[in-house]
Each structure stands twice: as structure tokens, then as C-alpha cells.
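Both complexes shown next keep chain A, but they swap its partner, so chain B is in the first and chain C is in the second.
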Partner chain A sequence: MSARRGAAWRLTALAVLAAALFAADLALGSVRIPLGDVLRALSGAATDKVWSSIVLVFRLPKALTALAAGAALAVSGLILQTVFRNHLAGPDSLGVGAGASVGVALVVLASGGPGSALLSGLGLAGYGLLSLASSAGAALVLVLILVLSRRFQDAVTLLIVGLLVGYLAGSMVSLLVYFGSPQKVQVFLGWTYGSFASVTRRELPVLFGSIGLGLALTMGSSKALNALLLGESFAEGLGIRVRSARARILAAAAILAGAVTAFCGPVAFLGIAAPQAARRIFRSSDHALLIPASALVGSVFALAADVATQAPGGGSVLPVNPLLALIGAPIILGLFLRSSRSGEAQA
Partner chain B sequence: MSPGPGPVLAAESLAIGWKRRGEAVPLSSGISLELRGGEFAALVGPNGSGKSTLLRSLVGAQEALAGSVALCGDPVRRLSVEERARRAACVFTGRFDSGWFTVFEIVAFGRYPFTDARNRLSERDRAAVGTALESVGLGRFAARRFAELSDGERQKALIARALAQDCPLLVLDEPTAFLDAPARIEIFHLARRLSREEGKAIALSTHDLDLALRYADVLWLIDREHRFERGAPESLAMGGALGRAFDGPEIRFDPATGSFRPVDEGEPPMVLLEGEDEAAVWAGRLVERLGLSLARPGAQGARTPDAIVRVGRGSRGPVWVLRTGHAEDGDEVAFERLEELADALRRITRRAAPEARA
Partner chain C sequence: MSRIFLSFLAFIFVASVAAPPAAAQAGAAGRAVVAYGAGFSIEYREGYKLLTVARPWPGATKGFVYALYPRGSARPTGVRADRFFETPIRKAVTFSTTYIPQIAAIGEADSIVGVDTAAFVSTSAVRANIKAGKTVETTRNWAPDVERMIALAPDAVFTYGMGNEWDSHPKLVEAGLPVVIDAEWNEAEPLARAEWIKFVAAFYDKEAQAQAYFDRVAAEYSRLKSLAAGAAKRPAVLVNGPFQGTWAVSGGASYMARFIADAGGAYLWADDKGTGGIVLSIEAVFERGLKADVWLNPNLSALRVADVVALDSRFAALPVAASGAIWNNNLRMNGEGGNDYFESAVLDADKVLADMIKVFHPELLADRPFTYYRKLAK
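After this line comes the complex of A and B, so read on.
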């Protein structure tokens, strides 16, 4: 089938693009390291000690984090859009990011230990706790919205509900910040800027493990996701156990968005935008294809934004969040314009 | 699965409705029915009478308030969701955003109960999808985007989806809503063909009473008071059940003609129509549309006609000869166009009106 060949070709092209950006992310930085030496450092071959540690300790974890976080946020957005049958749904618009912030704020601001020491002092356990609190906050918001969504079938109402939940979570965070000690508040505010650079090599397995679990849950639900896209009674008529499938999918979305938010801060934009781009690039609604496609698109955007953070040069870096939309929004607008020109309905 | 010797669907003293905060809100009760393979049942009733609720209760998508439903011999609510999907294929109303799904992909949803977790289609699955598409006449639309189909084609594709599910029972909730007249007839035709040729048991709810009367083997009727009745379409029509269900202040079911007509004060002028050909048929339609009562030669108990229309043959095609007034001194006018005949008939209505009031 030519459609399937076209999809395979596009997936390959995206993977190549992601690999190129990954290499660029390793090669670019405040210290100039030739690509050959970057590769030698990666393979463990003898090279300059400082260069080697810059690549292995700083740049590799950062690039891996961008790769994984981009994929996770994109997939989380994709499946939320499917379950809520609304293309405006996503970890941000449904208040999931805000919920994760509450979890993190509770751990950072309300914990006993001195704030500045918390993240470094607790080490892996601290990040595990942070990840757990963030995922729990995200999950809480999703469950709340899910319960409310049974009452409000209308999609717009649901988004307003998401907005309200977001405000609710935001005001809780504000209050926690207001009563927090200055050091703790500083740590927390640093977290809210969003960055792929704060994950250390020791923490990577936690991040990758969480995201791997979320992606596995999602891939296992691709059949149910396809059916849910056409409605719950439709899915049930096909023998899908809707309640358990939906719970599994929302858990996956919460783990994906929660883990990323815990480690990288509230990274906006990707969750809503990457799935839109994937649908238009692949002209498909089949989740077996859209899940890997969205993940790749998300990785590409995240890596591109992370490469762009090095733009000023001279040791100063830009924050990730504004760069994501700056690079991503025009590209996605272009995709929208292209499909509206060829007279296709929005979908 | 193949239908066993017993009925595909059997309901006994069923009560349907909703549970609101644990309290039962009954819509209709005492529903007993039976549907066998090869039988086509049409469910009719006014809006809000509970047609969708009944269909959903019959396939176990909704819990009944009382009574029992058996699907291929087993209580429907005891069947697992998966097993229900192998016995009953449903097309419920409700529009959805089909995104980028192609017609083939939509129909292939019908194979869900048979595919593995990764939803890979076997050769047999693909063949089943192809056969289903062919049997609704959409074979060449397989690669099209579902969203690009017309309403009628969409409905057929959704029926193909249900066919691909390969169930003994097919449940279609208002498949003719939003369709134009030819597409409605096609859907009914298709339903009858599937019951006859493939031995499906078909339950279809509809507002197209006229088509239901023509095509269905059994009529299931829920009236305004939510009473359920079933029977051959003809016997429900003759027995007055249809009238009880649908008659309103402005409209009445006429058992003599099998169609609905507006309620008039007094008797409309009667026009006797002579002729059998196409020109006569359409003149008859015109007479009825103008609200006049139509009589045929030899009809029993006919009163004296106020006018007679006879179809003749002119040099340039048919002519309609209108004869008004009394047989002896009446005058005859021939019209070559139906528009002219319509004007003349309207004058009769106006002339008759004062008499009717008096």
C-alpha cells in the first residue's frame, strides 16, 4: 500500500531529523568541541578530559532529556485530545501542568528541609519524590476533569473547566509561594522556567523509566484510542471496555506529563502542537502510526528548541519555553495553511 | 457467530428508562418481543417515546429497569462487552469527527472484536471488510476519506462497518435521519436485502413510517403514552394502533390510504379521476396536494364528484379534460399543462368553500 510506504518514509525522515538535531545539541554549547571529539567522547575513546566530561555529564543528559521530554509531552497531548475528543485538549489547557506544579510546589515549598538543599540534598530520592508528587498532581487534575466531563459532555465547557482547574491550581501555587521561605521560592521559580538541563545522569533512569512506562501503556492502548476517537458508545459496541481503557490512557497521560514536568518544569506548547503537526504530516488518525509520529515530532521540536537555547553564545543560554513556540508555531501554522489550501477539512 | 435455532433477540416484560440518582425513571414497560434471523423489524414512535432507549436496552448498552433480554439465548447483561460485540452490531446516531480515517479504516473497526491487541488485520479480516463494502455498494470508495462522503454514503459505510462485525443481529438507530428521499429508500432496501439474503436479524428505528410500512416484516410501535405494540405493519395500521401513536391536532393517519393527511374541517370537494397512465397518476398527486379528495371510478360509497378529470391524448402529448358542475349542463375544458389544471382545480376549491361552511 502506497499510503503505508509514505508513512514509513516520513517516519524515517523525522527520525533522521531528530538524530541530526541530537548531534547538533551535543556539538553546540558555550565550549566549542569538534564533532569528531564529541563522537570519541561518546564512544569512550581517549580524548580531552574536560571535553569528555562536558559531553558525557552535561550535554548528553540534556539532549537525552529533550528527546524524551518532547516525545512524552507530544504523546500525552495526543491521547488527551483523543479521550476528550477535542483538539484543544492537552496537558496545559486541561490544567495538568498546573496540577503538576502544585505537587512540585508542595514538595519544594512545604517540605521540612531547607529549600536550596532539597534538590541537591535529597538526590535521586528527592527527584523520585518530586516526580511522584508531580505525577500525582497531574493525575489528580485529570481525574477531577474526567469526573466533571461525565457531567459536561460539551467540549467547550470541558475546556473552560480545565481552565478553571488550572486557575485553582495556580492560586494554590501562589499561596504556597507567598508563605514559602525565600530560598525555597527561588528553587521553585527556577523550576518553573522550564529546562532540559537540570536532569543529571543519575536521574536519567527515573525520567526514562517513567516515560517508558507511559509510552508502553499508550502503545498498548492504541486500539482503544482509535475507537474512542469515534465516541464511547461506538467503542463499547466494538467490545472495548471503555472505563478501564480510559483510566489506563489517562494514567499514561498523567505519568508522561507529570514526569516531564517534575524534571523539566512546566514545558508548554508541545503537548497541544506536536500532535496537530503529526496529524497533518501523516494525514492519518490511526494511533498505531500517530503515537510514534507525535513522539518524533515532539522530540524534533524539543531538540530544536534546546539547540536554539545556545543561540546567544558566550556562555549565556535562553530559556526553553519561549523558544519552543517561537520555532514551532510558524511551522505548524504553515502545515495548517497547506492543508487548508488543498481544500481539506480541519481534522 | 451463527444464529442458533431460537430467536436471535427475545425480550420478556421489559421495562426501559433511566436511573437518575438511583431512582428509576421509567419510559415504557411491559415490552415483550422476539426477532429471528432473516426478520426485519422497524421500530417507530413519536420523538421522545423511547426508541433509542429501547434499542440500547436490547443490546445491553443500557441497563433495563426490569424484565429480561436474551441475545442468542443468553441474558444480554451477563455477556461480556467483547461477547456482546460478537453477537450484536449497532449503528447508533450521533455525529462524530472521523478525522483522517478512510472508509476502509472505518469499516475495519468492525473487525475489532476479532483482531489482536495491535489490531493487525488478517487476510480474512481484509476480505470481510471488502465484502461488507461491496454489499452496501461502496466498493470503490474504500480509499476515500470518510469525512468526504455524502450523508447517505456515510450511513451506508457505517452499516458496512456493522456488517464487517459479522453478528447475527444488526441494530440501526435512525439510519435514515438527515438523508434525502432516494437515500432513505436505499437504506430500507438494503436492510431488507440483508435480512433476506444474509439471514440477519435487523432492528431499525425510524421516523419514515411510510417506508417502514412498505419494507419491514414486523412493526414495533411505541406510542405517545409510551405503550409498546408489535405486529405486522398492515395489522397495526388497520387496527388503529398507528393512528393512536401518531395522530395530532393537525394530522391524522388514514387507514384507507396508508398515509398521513391533514385534518380538515368538513369534506373537501371530490374529484373523480379517470385513467391509469403516468399522466393520470400525476394528476392524482396534484389533486391530493391541493387538498381535494380523490376518487377512482368504481370506488365504493363514493359520493357525487364535484369534478371529473379525464386523461386524453392531444396532438402534442396528454391533455387533461376537466368537467365541472352537473353531468348534463357541466362544461368541459381541456388543459395541456398541469399548471393550468391546477389553477382550474383551485377555483373549484374556492367555490366549494362557502358551501362547506354553510
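After this line comes the complex of A and C, so read on.
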């Protein structure tokens, strides 16, 4: 079996797994709905209106969000790891997550005054303002990094800059938390748990549009990414304009991570872990393969975690963020152990 | 044999002198009786009274005992207590707004020298004292300002514990402050919560006033409850609102559930056994919420139906949202973020019940104005 056919087989297997988890995410929920009725609801032939709206209004957007968010974070992580030539890079080390957190913390914790509209839940602002603040925070960090990336040629310096920006944003958040009232802090902490369930059908096009744009930018840069993996001077030798390519790629990474954070909260783990798993599974460094592979692995993890949120039963749910690492970390550790045993561990 | 007999006699003697049977004293002048199941007891003994907080927080393994003796008299000996207090106390600090109306109701509002968050206070006498600088804020950045409290030298610091690492009372005790753990929040019955006025009043030797106030509340509550019991239809009630894909509702045996039942409503989670809250997936709430006739407390700050729809537009599809039967308990905001519902509603449980009855069965209390609830504007 050739390497190409092996990769195709693995991609298919991952896609099938993602599809199965997607189906499970639609079929399982707090309200028990027979599989037949789930299918009838999806085909529009449902007889039970309540079940039909639960499937179409709640479960379908949630499953689609998990699918897209998983893919987006994984790809964002993959390209950051390539650009910074560091496998510890991810949306968080770029400061994107921290930037989004500052935006949300400002909305939730620092606002107030007369009426203290945010004391319970998010008040009149609703989630619209939250998403806006989150995107703005992520975008601000991105612009800062992009400006600095023109100044610093070296990827390692840029990674350190990203870490510094992340620390800066993180300390702003902890100060805001320190001065916030307990009720507001609770709301903020609630946001940090992450959730795929709060995206409505009206919001889906925005989420999918942003992620689609990010993925398209990334796929269009797969050659540049492959070249960057071998070093910036090598890439320049191949005729790639490194600065503009890097700016384009970083923009894609920030759009992907920023959109997900805006809608789902700071979903941790996937950005760093999914690309690692994809590299271990495919043993390739070709981005034309690694981009779809990471996206699929990310979707699989996100969907699996979302299915697991239903574990308590009886209508109760678990937060998605802790589940991601709980499910994902052992699997990735297993992949690492296997590849180290076979002596093919990649740096 | 004779020794045992003698010890027995001695025991009888000591018991009869030191601890007259509480039941015999019940209801006597100036003495309070705990009759609605509140998780504290008051024992009147010779020369002192013993307050026991049995359930300071859920799952607590031990309670708190406070010995109160008249100012100027000798501290009772041979009594085990977490803290001794000379009564009546003259200066108090409160760490929950809910204690303020209780203290005000027995005519002691001026004794409050410190409050945890000045902006949240609604009781007018205390607000005036805050403005005049006679009552100060005793927290900084939401943590107790121990130095300031020591300087205030209060006779009692009324606070509460949750039984977790966030509790500030151990630190206050360590600082030598006269901490009183008040566990009214841990009660699942509205009248049991209101009954804690007697606990607070014991520190002021004003049990008679507390008893009188509480008796009025309890009598009115019971009158309103029987009024609601006669209603023909029991509307289905949905509570709270969505947050980030989840929805926390009150447990079926909670304080809120009891109010709804007593007001003649049918709580959608009445089948649940919990006294606290339960976090549900939004689809689970949506399914039951379809049956709701009334929606209470969607969000603290919501004033219009559109504010509720903004929380999650999918819930606009609920018939209760379309009909506009959404009510919020934020009629009495103090303009600085304080909501009197979270202050006086604990004591004035009858007024909360009246509001809910008016929401569920408007015809029963047509002429009565609302105290805490407002219908959201279209």
C-alpha cells in the first residue's frame, strides 16, 4: 500500500468516525428521541413538532458548531505550529484566546455602574456583545502580532512576542477578575467553560462564513506552509514572499481561533493537541494532507466531547472544556507512546 | 448504688436549676419560639440564652453555638459555645443585605455600622446612614476589610458560610471579630427563611418584636396560600434563563418551588427532589418550557421581552414568550445595582407570595399593587 493510499484510507476512516460522532451528537440528548424520529426530523417529515424543533433548532446547530469549531481550532493550531516552527504553539500561545478573554472580561466584569445590568447572566447586552467583544479582543491581539511580525523576522522571537502578549492579556484578565464582584466573576468563569450549544441557527452562517474564509486562506497557503517548515530563508529561496505569506497565514489562524472563541468561549486543548495527533496518525509534513487531517481530528475530538457532555443524563450536562482534555489527552498520549515505540517519533 | 442514686439526684437538681425545660418557657414574654422549621434553636437558660445553628451550610458536619448573656452580668461558666455575646448588642456589621430588613424591623437600623456592599443596600434608613457616613462599607475588592472592621469594633458581625474554601468567616474569627453564622439562605421553606428574624433579634434582646413581625408575615402568608389554593387552574411555571448553552433551574424541593406551589402555580420541575439548583441542557428546558404558561425571573436586568429573546433567540419560539407572560423580580432596583428582592423578600415572604399569586391568578388580588415583580414590556 503506497503512502498516498494509506493517507487516503486514514482520511476516510477519520471522516467516517466524524460522521458517526456527528450522528451520535444528533441522536443523543437530554430529551430521549427515537433514532427514527431524529431522522424524520432531519428529513423534514417529522410528525412530532417538539422533537423536530429540538433536533433542528438545538441539536443540529450544536453538532455543526462542534464539527466546525473542532476543525477550525485544529487548523489554526497547525498553521501556528508551522509558522513558529514550534509544536507547542497554538491559538493560546499567539495570545488570541487571551485577547478574546480580555474583551469578554471587559464586557462582563468591568461594566456595571447604574443598573449593574450584568449582575446576573449577561443582562441586556446578551451574547451579541459578548461575541463582539471576544472577536475584537482576538483581532486586536492579531493586529498587534501582525504589526510586530513585520518588525521581527525570526519566528522564535515572534513566538516569544506572542507569549508576552498572552501574558499581558492574561494579567489584565486576572486584575479584572480580582476587582469584579463575585456574581460577575461567576458569569465570566461560566464563559470560560466553553460550549457549542449556545450558537443559534441565525449565528451559524457567521461562524461558518468566518471559518470557511480561514480554511480557504489556509488551503491556499499550503505550499507556503510547506516551505516555511523548512525555514524562512529556504522559503525565500523558493520564491515565496515570506512576510506577506506569514501575514496571510497568521490572519487565517486568528480568524479561525477568534471566530470559535467568540461563539463558543475559550475552547482549550484542541489547538495544540489536534495537529499533534494528525502528525502522529499521518506521519507526514505535507500541509495539503495535514490541513484536512488536522481538521478531521479536531472535529472528531470536539464531537466526542460534545457527545460526552450528555453523560450525567436526566437533562443535566457537563461543560465541554474539561471533557476535551479528559478524552483527548489519553488518546494523544497513546499515539505518542506508539510512535516512540516504533522509533518514528517526530520532533 | 447509692453513688449512682446521688449522681442521679445531683443531675436532676442541676438540670432543673441550669436548664428549665425550654417548652415550659415557650412563648413567654420576650422569648421567641422557632415554629416553622428554621435550622436554629433558642434555649433560654438561667442568666443566658443559647443559640444553636444546626445547619450552617449543606453537608455541614458541625453547627455553631452562641451564648448570649445580659450586658454587665458575669459571663456564664461551664457553657460550651463558639462565642459569647453581651446583649443587647449595640453595633453590628452585616455581610448579607437580607439581614438588614430584619434588624430594621425590630427598630435597630441605626445599630448597623458596617455593610458588605453599600451600593446594594435598599433599606432606606441604612441608605441614609451610609450617605451620612454613619454606616461604612466593610469590604475591599469584595473581600472583607478586616482592619476597618476591627476599627469599627462591632458587637456582632452577621455573616454566612458556604462550607468551602471561599468562606471568609474563619479569617474573621481569627482576627477576633465577633462572628455570627446566619444560615437563613440554607432554608428551603419561605417561612423558615423569614423566621431567622428571631435569631438576629435574640442578639438585641428584641425577640418579642421579631415574634410579632414574623407572626404577621406568617398569618398573611397562610391567608394568601389558602386564597391561592382555591384557584381553579394552576399555570405551569418556567424559571430563570439560558446561559452559554445551559440553563440552571431551581430544584423541585427548593425555596422557589415552594413559593410557586403555595401561590397556586405548577412548577415545571416539581418532580425534582433537589433543594438547590440544577443545570440543564437548553433542549431539556425547551421541551418542558413549551408547556409553560408563565415565565419568572428570566434574567435580573431584563425589562422587556426583547431583552429575554436576546439571551437566546431560540426561546422566542416558546408560547410563553410569544404571549408575553414573562415576569421579573426587579421592580425595586435601587439605581446602584441593588435589588430589594434580594434584601427584604426573605423577611417579607408574604409579599413575594402575594406577587406570585397576582401573576398566576390576577383575579384573586386585582387591587393589590406588585411589590417585587414586574411584567416585561413588549
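The rule is short, and it goes like this: the second predicted complex is superposed on the first by the 271 of 347 C-alpha atoms of A that agree within 3 Å, B and C clash if a C-alpha of one lies under 4 Å from a C-alpha of the other, contacts with A are read in each partner's own complex, and residues count from 1 in each chain.
Please note the rule applied: a residue touches a chain if its C-beta (ideal position, glycine included) is under 8 Å from a C-beta of that chain, and two chains touch if they have at least 3 such contacts.
Please read these numbers as outputs of a predicted model, since none were measured by experiment.
Once chain A of one complex is fitted onto chain A of the other, the partner contacts of A:V50 are limited to chain C, with no touch recorded for chain B.
Contacts of A:R279 after superposition on the shared chain: chain B is touched, whereas chain C is not. Within the superposed three-chain model, A:N226 lies in touch with chain B and out of touch with chain C [touch as defined at top].
Chain A is touched at more residues by one of its partners, and among chain B and chain C that partner is C.
Of the two partner chains, chain B is the only one that A:A288 touches; chain C does not reach it. Contacts of A:F234 after superposition: chain B is touched, whereas chain C is not reached.
Using the contact criterion defined above for the overlaid structures, shared-chain residue A:W191 touches chain C, although it does not reach chain B.
Chain B contributes residues 59, 61, 81-86, 89-90, 92, 94, 96-101, 105, 109-110, 112-113, 115, 117-119, 143, 147-148, 165 to its touches with chain A in the complex. Residues of chain A that touch chain C in their complex: 29-31, 50, 53-54, 57-59, 62, 112-128, 178-182, 187, 190-191, 193, 195-198, 200-202, 265, 309-310, 315-317. Taken together, the chain C residues at the contact with chain A in this complex read 117, 141-142, 241-246, 278-287, 290, 299-303, 307, 310-314, 317, 333, 335-337. Of all the residues in chain A, the ones that touch chain B in their complex are 3, 85, 220, 222-223, 226-227, 229-231, 233-234, 236-241, 279, 283-286, 288, 345, 347.
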